[in-house]
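Below are two complexes that have subunit A in common, paired first with subunit B and then with subunit C.
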Partner chain A sequence: MFSRWNWVACGFYLVLSICSPDASGGLVQSCGHIIPESPVLALGSNFTALCILNESCLDFGNIYASQIIWKIKNRLVPKEQYREINRTVSSVTFNDTSSLATPLTCNILADGQIEQNIYGITVTVGLAPEKPKNLSCIVHQESRFTYPMTCTWNPGRHTFLDTQFRLRYRWPEQIFPDCIPKDVNNSCTIDDTQFFVNTEIWVEATNALGKAESDPLVLDPIDIVKPLPPQNVSVTSGLLPTVLQLCWENWITDAVMTLKFNIRYRVVGDTNWMEVPPEDTASPRTSFSIQGLRPYTEYVFSIRCMKEDGAGYWSDWSEEKTGITIEDQPSKGPPIWRIIDTSQSPACWTVHLIWKALKPYEANGVILQYELTVRDKSSLSSPVKKYNVTNTNHTLELREGTYEVTLIARNSVGPSPPSVLLIPASNSKAPVKNLRTLPKHDKLWVGWTAPNNYVLKYVIEWCLMSSSSDCIIEWQIVLGDVQGIDLKGIYFKGIKPFKCYLITVYPLYADGQGSGQSVKAYLKQDRPSKGPTVQTKKVGKAEAVLTWNHLTVEEQNGFIRNYTILYKTIDGNETVVTVDPSKTEYTLSSLTSDTLYTVRMMASTDNGSRTGPDFTFTTQKFGKGEIEAIVVPVCLAFLLIVLLGVLFCFNKRDLIKKHIWPIVPDPSKSNIAQWSPQVPAK
Partner chain B sequence: MAAAESPSAALRRRDLCSRGIRLAGKMRADVVDLLDAYVEQQGLDASASVAAVEGVPLAAVERWDEQTGTQRLLENLAAYRAFRALLAQMLEEQREQLGEADAGLGRALAAVLLQVSAFAYHLEELLRLESRGIPGEEGDEEEDGPPPPPRLSLFEQKLRGLGVLRELAQWAVRSVRDLRQLAKPSPATGAASGLAESP
Partner chain C sequence: GVVPFVALLLLQRRPVAGRALLVSGSGCPSHGLCRSNVQEQTRRQVAVLNATAQELFSLYLKCQGEPFSSESDKLCNPGGIFFPAFRVNRTSERKEVMVAMYKLFAFLNASLGNITRDQEELNPMAKELLERLHNTTKTTRGLISNLTCLLCKNYNIFQVDVRYGDSSKGKSTFKKKQQGCQVLRKYVQVIGQAARVLLPHLSPS
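Let's look at the complex of A and B:
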């Protein structure tokens, strides 16, 4: 039995020894090996490797250590770095590992100069980790009860090796598990932090070449908390129009820490935030009343909090919430003015009362209606007329007289202070003096001298002059102590350059009104857009009467200072004549007769001029009476000669007759002799 | 302890006291929350009255205001060391009962246990400041002294846990008061050192 088991065991052993791979390294036996295998080296250090040949290999034919060749990545290492230690061992030395690369191979020049590879190693060159610096930690509050702590540090220079970082922390009597960063090497988050105990925190960096530790940070995590902002913020309108109350929930209990707050607010649509003085919110609270707000205005609020003693970080600003203050009475009456139309008849006025809507910060609410009261001051018995209007104008038919108009704007809380306008029967009080304008950059300055000290207000009307449409009046009221205002075209239309505005100023007194003084003004002048079209009205021999139309307001672009007439003949010099801008006719004199003249006109403003189209005309050959003067005498002379000739001829008619009409005997009566009997002479 | 205390020691004492007070406050808040969760999870009646459990130190004491600073510290330290052991046992029982099923309660218990350890450490530091030796744990604990208590039934374990947590909440309140007394300036400690001389 024993021998049978023996045989089985032997058989097994035989099978195993045939089938199992050789212990010394595979089916192919290597000729040698390198020490050290897979080293990790510090950059810049020196390194020596040994290639050790196997005894068995040497038998293959004259292989000695002296034939060993070292190569880095198929680049030959210079022979100066080799050293033969003995017959089977060769070493290579590198003074600076920065010249090393992977792989480093030990090769041999065998028979027939064939290079054969014996062994190779991977060389990893890198650096030991640098001491991590700038370790800083913060505890973010993520929900009501979770407070993860995140620490960040500067990992230092790149090591070229696989370096592990671990965040370590402990109490004096308790060690906690290390925090291992995921995917990064410069931060780590600890899930839950314990407060009120001084914790020591530091970072360890480890790699194959060494270890480094940062300076430890010792802190109580309660001092580095960034809390969640206050939640469920709500805004409620108070009883007063200038107050709003803010309520919120703190998600940190007093047991953990007490908070202080910053509250900021702004008007909806505005970009500037106003802040409640931090001293007022420096203690724990869940509500606050903000005062000094504008009535009927929508505000946006936001709050943030941090630990009351200032340790830690401010939370983010909470979600913004809005609230509107309640309405209040309007603070001012609307400015009111009038345009009186007397075109129907001078005794019957059509009065257009116009006023401006209050600005939101004066209206303090929604204006529901305007209430007009018109009182006839010239007749005490006349009843007071009241009108409720919802738009900003009203037209009345009034008889000529003195009236007092009171206007009140009313919102849901109450009426505004009244605005009073006195419409006197005639504007008899003193008007302003020296009304003048001055363009200043993009604004038109209008100035005047006050007539006396009793002016309450001034009304300034302005309108854009146009040849095609009516002048639409815009107006503004300024207080009586102002001597000039920058008219920049407030409200809707700006004052545009190159356009003519008619500006009228009225002084208003307590008991009357001065007459309006007007002035035309340009913000900026330009050359006219068209030149005047000149024509001749009458052309003579040596003079021509030129005529033109004034340019329209739109074409002028400025005050026309003068007209210039330029005329010339075809080959002559141009003559220039300057004409007063009020004229529309001019007579050119001393012209050469019967010549073609070309004339054009130029209109000039302070900023340039423009020429109109050319006009040609020919002067007459003859003067006005010349032809008559020649023809009539000639005709007369002719007539005289004819007459004289006739007379002369009449006188000498016989002679003429004899010559012209000689007597020619009548042949029928012609006879040769006449026989007559002798007649006694009795 | 010398009548004149160095300023840095006084500052350190004040810092330890204030942080201890905050820690005790938070601990109490956490224990109250834990109690609610424990009662619900263990299926107990919140109003159940638990008789004084063996091994759980009582917070109520007669003539509390006559105690010296050192006495307060020693009593507190003994109590919290006891609680540390009791809570560790509770945690163990909890894991046995539920495995990892209720990690929430286990985590909350572990957090309270950490706070108890931290508070015990605060007390030891305060004692060191008073130049008192810290009594060894063996002298106060029952671990090596009397034999370990008999294994309780499941229901008895739950009731015991309830008792432990309730008493811990009371102790937290008492510790805050003790620390506030300690934080008051020297005359109290001067008198304490006078009394402390006599054993």
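Let's look at the complex of A and C:
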């Protein structure tokens, strides 16, 4: 058992624990308190707190309400807001709680100006909830039997307080448990929805400052259903090539809700949907036959549904399903044309028959073969030749004459209508007039004037001109009432800019063909990719003959409108001469002799020019024949003088002889010789 | 609305007649939920129950296993249980039809509650059966609510004597299953009759 000293120590300890200060350094807790305790205040309202001193505190000496000072978060509240109610009670008033923070403490300035805390409260400032607005609900069908209802609303302003929202709903005589939103304040889902009972739904918002209710919504949940889309959609082809049948399963029974449908479909690869007229599917059904489709074409289908009377929401579109219509006979014959090669002999033709594969909506199936029939109309006794071909061209060796070629395309259902091409012996009929072209963005438009009203069709040929390869012909057939088309290439994937195309138009008549009229055209021109290289053919004293080659068609990039020759001396002005684009020579004249010239050429299209490399030459000092004109006369004169001199000398030869070689007397005949007859004669 | 159901459930401990208090206060519900579309809603509810009754019964038999799935004719004869009489036809007075309907569905609501409770204990994995029982019970409750509106609003009827069947609590597994199939078999018969009778009375005029 405890000793007497233990009891004394416990008692002493007990007294000390009552009297000793608390951890905050204030007086003992029981000295006073504040009312209200932990209030929740409306933002902007006024608030008065009272600090009430306990009577027991007054015994500590000189502690009165007048010594109380209030603090908010350790900032002193101005004394003007205090009021001493009595000796033990002090109040503080805040006219606008917007500036109020927490904690609010009641402190006392005890003897010796030592501030001691008496009590403190937490103050929460916020707003009462606003009336929830825009309440709306939707029932999502999640499975055959599961229909949760989700309601959403606008919760209103932020209250700065913990605000609980509840979705409440009731029948006439039954109130259901509230739906409490999880992690959000603006929506709630009721798992168990019952149809065919008028249900009142509203939202209640509650916090420490009050409660607000939304306007009620009264509805039958059957009228706000978003059903699941039709399931297990299947597509089957029927007996007709333009019909497909759709079947599906509805996951809402007719007893619960009769449905209406939207059916949409598109060709596989196309992005545009077509829709079955809604009025055709505005009644309960599980199948539908879509008509007016293209034969042998694959379609994608999708269906959605909603309540038949239009209440509620459309379901999502169902899973897409595809189906393909069965084949039908081709609807038209393939367009056919010919290229005739007479290079071997004018009387023997190599005829290349070419035709275009039918487009899918014309072929109506897989084309198995083409059947050609060639009939010699020049000789009725000649047998008709037939050919079965699987590609889109065929070459024949024919004698010059008139032939009728018939072509049909055949698929598994049957043949196409025939395409007929007349190959006359000569293209003697009237050609088109006024053939012209007009660039239009990325297409080249070709137009012409019809020769007369009896043209059945026109064939337009065009090819890309090239200096290094053959012109690969593309062609198109249009009806006789058309007088202009945009060229759309296959091989070249469209008409390219800066390329020269040769376009020829042939009119086809029932009994012949007109000659082709041609025109060259550019979709878009540019300056040439290089300038002409000029050089001299012959240089004289005051003239020089310049020569150059035309640019290749690849280098031109447009129609060359002119050449420009620019030449100059070292220190002279440049002279410009314009030359016709058909020329390949030009003579510069009035040049200065014995002078260095620099010349260059520029080729110009409608869209710019390009200059070629410089070329230098020096004019001759003397003109042609000038030297001869000087030398020859001089020589002739010299010759004449010589001749004259010779003649003169001849005439005066005696004189000349006399002077030039005088006669020297013969010493043997001299007198002295007679004197010495003893000297032997040598 | 909750109070009368609690009272009814308590009364199911033995087959006694109960007096269903239709409205919680004097007068008909005044908050505008008893609207003119209640007739059409009631007809749709009966149509839904009629359309799903046979499937519910067949599924129930399948889930009870043998001998119920093969000898339902013998075991599920409703002659041994109480089921409210539904002795009205198309020519009966509409008020009489409404009262008969109320008695029928009040009984069914209680019985379905029993059956659902038993099946949750005996066949907890039979998800589809429990879902169908739950949906049928929900529809029945909705139907009772609409009938309450119609009786109160059109005929000022606030009380209807309702008689309930035996509770299955405390009975053997076999008896529970049998009582359930007897009730459902009778239900299939009666709901079809109710749908036929109700049509002229509740068709949109």
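As a working rule, the second predicted complex is superposed on the first by the 594 of 682 C-alpha atoms of A that agree within 3 Å, B and C clash if a C-alpha of one lies under 4 Å from a C-alpha of the other, contacts with A are read in each partner's own complex, and residues count from 1 in each chain.
Everything that follows uses one rule, which is that a residue touches a chain if its C-beta (ideal position, glycine included) is under 8 Å from a C-beta of that chain, and two chains touch if they have at least 3 such contacts.
If you're wondering where the values come from, they're calculated on a predicted model, not measured in any experiment.
The superposition on subunit A brings subunit B into a clash with subunit C. In the superposed pair of complexes, A:D220 makes contact with subunit B and with subunit C alike.
Residue contacts after overlaying the shared chain place A:E200 against subunit C, while subunit B stays out of touching range. In the overlay built on the shared chain, the residue A:W273 is in contact with neither subunit B nor subunit C.
By the touch criterion defined above, A:Y361 reaches neither subunit B nor subunit C.
Contacts of A:I175 after superposition: subunit C is touched, whereas subunit B is not reached.
The partner of subunit A that touches more of its residues, comparing subunit B with subunit C, is C. Once the two complexes are laid over each other on the shared chain, residue contacts for A:V256 go to subunit B and to subunit C alike.
Counting contacts by the rule stated earlier, residues 171-174, 192, 194-197, 220, 222, 253, 255-256 of subunit A appear in both its interface with subunit B and its interface with subunit C. Of all the residues in subunit A, the ones that touch subunit B in their complex are 171-174, 192, 194-197, 220, 222, 253, 255-257. Every residue of subunit B that touches subunit A in the complex is listed here, in rising order: 19-20, 22-23, 25-26, 28-29, 111, 114-115, 117-118, 121-122. Touching subunit C in their complex are the following residues of subunit A: 145, 170-175, 192, 194-200, 218, 220, 222, 253-256. Within the complex, the subunit C residues that touch subunit A are 1-2, 22-24, 29, 31-35, 37-38, 41-42, 44-45, 47-48, 50-52, 131-132, 135, 138-139, 141-143, 145-146, 148-149.
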